[in-house]
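In this document, chain identifiers A, B, C and D correspond to the written order of the chains, with residue numbering beginning at 1 in each.
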């Protein structure tokens, strides 16, 4: 494999599908959200994307199986409930600049074949402030207004949107498609299912799809416990280092 | 998008146009100068350049709009006042070595289509000395002499001219064109509209175009205030750290 | 040479050969194992692989001869004892991500020409624990079971297998081949012939080839002596730095 | 320019020419030697090599002229005194791994056109020991023996020869040519015309060309003075830092 390749192992007949992408990134917001959609909607995998710009290792699964890093492409037929979907998630982003552009272009080639008109990418928006929030940005005024109506706020100007979450909608401009980024506020250093849920609430309203979000609550609780524990550890550590500093000050104060 | 691409959305009929490039670089001299020309001359955009060697993110503008990083290409018809112009500015330089050469080559392909004979690039020349000054360098003796007559001085030998500002005129040699770098003296760490103005004074004389430069004076004042403030902050910081050092010396002098 | 190239200087007529790869990596397990097979089985070289992604230097041999870095490809005809083999070892792995994929793809092109159905890669599995052990991972359930029967254990899930040892079996999925990694437990920082021997014991049982392994015992002894010496040096150093620390503590305790 | 390109501006009719390359590297040995040959033999430039893998800047010369980084290709017709020569020197080596292979391959394409059979590259061999010495390494036993007879010694085994000096003779193996590296012993951190002279003494004997070497003696003297001065500066600095250390020891000895 010398270039990015999409391997299709089934043909889907989709009507006016919306493509939604969520790869690893800030707070894993995109990956958690799209994975949840795939599971909850019982979407079906019909293609995989491989790239010589992904990291050069294989992963080992539970039963000693190995596989290359990849992105996975699923579809879901709405049968009248909202719209048909193509869902993309995966293991990794491309590791080089032109690799990022190549992967994005391959996904758009695939989208064109399925006559996709609208593409949504999901990502995280780094913020230390605790209140949840969902931001949107688009190259299409119509799509942008739809997202605002669905509850998202405009992304603050000046923020770069990095990786596939930005490039994919950025490149739609050359394909006659509309692109939309939906970003969940997150501190970003831990997987953040709460931010993913906020994003999905917007998407449910935006697309009218029958997606139940309660299933994420357990993961959210778990993430909060984890964060709490880490905070506890950090607090203890901070306390201890304050003590050490004070002790040192006490000792060194004998010198001067 | 897998290679550097220029997207034209209008056709211009230009007579013997001179191409002027100013992308981000030292002191933003080139970008400020070309942006000012575009605004002041009311030049019209007719093409955009995209490259998989630009950084892999999109920028978000004031109303939640997104776009890829790009260079923008404008034209201006002189109608007898000087000569027709093609003006190029943009967000970023290519991020890899061969990307730099690829972007430069794409611009020259475009220039050839419009039968450009002369190319000017604008950049900064780093110097701590405060007196303004404009340097020029060229692969054509004629073009060089024209620049000297217009008030520029020869660039001191040995200085490398980095990025598009250097590659573009360097590569003209293979296209039967003449290339000229015009470099404004700048400290380089802050946007420097004063250096941009000095460069434009030379260009106005060189090309005989009707460009009013007063409009830059406000920006120059603003930049000076900003620099003054920063200097104030730095001075305070320096003062404070001198105090701390003295205090430390006083304390440690008890030891030895 | 602008792309990875395999130069064949002899034609081999092989029956259903298994390809075994061992390039430099963790503990040099793969390279030691395949080199030993080549020598012991008196395999014959019939091709060499060169790549512009290998480091850009030549090596100088004992008599002032020079050569590019390369991988070497040997064959061995079983004549009824086990199965025919293609053996690959070499100087270096590719130095870039897409170079790794390119080299792997070139090897698979070559394997296809010889109608290879099964590919084994040998590597190290980093572990501080001293007991020997051999792990396997595969994209084929059949091949995996064969390896388990031959004495390997399943690779712990989650471990990435880096470089050609991982990519090569990972990419077999697209060629209708079966791929297997066999990894010898090793601390990894020194060449580890003992780990190589453990791996070869599994391979002998797996393929039924007549490979005598006693020849490795001398190298194993030598490696153990070397490790013992290094440990001695380290212990001395550790002892000395403990002394210094104590001395320092004694001195500084006068201060506070 | 999107790939390495050789621009020829004259045709030379050469008889069985030997190609000699000396680009910047350790102690500038190769560049100094080939530059000296060009000047002394009054060789004529007939081609230039440009590459998108050279650094992306232009250099400015004494009269404000600019040019891209490049390699220059000269020829010299022996007219019975030794053999015809193609001489290559330049500003820089390629900055990427595959760029190094691409530049080397372009030079070999050019060499093939002129039916070159033997290629010599000149470089430095790093050594702290002061006695001069010249090492050789080759992929051809004949060529190697010729170099030994001309006074070179075999390069110590295991040394990598980095960059074009190694790749070019390494790659001759695929072109039916013979390649030879000639390396002058040098400390390597300063331009070393003495090492270049030692190398040229070997080359004069090897090829029987009428090259007077006295012209290098002035440069050698200059280099020795420069080294002497630097050593003086370093000695002073070392002395001073010894004083400071002693002073510090004296002071701190009051503490414990």
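Throughout what follows, a residue touches a chain if its C-beta (ideal position, glycine included) is under 8 Å from a C-beta of that chain, and two chains touch if they have at least 3 such contacts.
Since the structure is predicted, the reported quantities are computational estimates derived from the model, not experimental observations.
Common neighbours of subunit A and subunit D under the contact rule above are B, C. Fitting subunit B to subunit D on Cα positions gives a rotation angle of 90°, stated in steps of 5. Interface subunit C/subunit D: under half of the residue numbers present appear on both copies, so the contact uses mostly different residues.
Chain centres computed from CA atoms place C at the largest separation from subunit B.
As a whole-number value, the distance joining the C-alpha centres of subunit A and subunit B reads 37 Å.
Here the spacing of subunit B and subunit C, counted between their Cα centres, is 52 Å. Within subunit A, the positions touching two or more other chains are listed as 255. Because contacts link each chain to exactly two others and close back on themselves, their graph is best described as a ring.
Taken pair by pair, the chains that touch are A-B, A-C, B-D, C-D. Only residues 1-2, 7, 50, 52-68, 95-96, 99, 251-252, 254-255 of subunit B touch subunit A when the two sit together in their complex. By the touch rule above, subunit B contacts subunit D in their complex via residues 97-98, 100-102, 104-105, 136-139, 144, 154-163, 166-167, 169-171, 173-174, 179, 181, 255-256.
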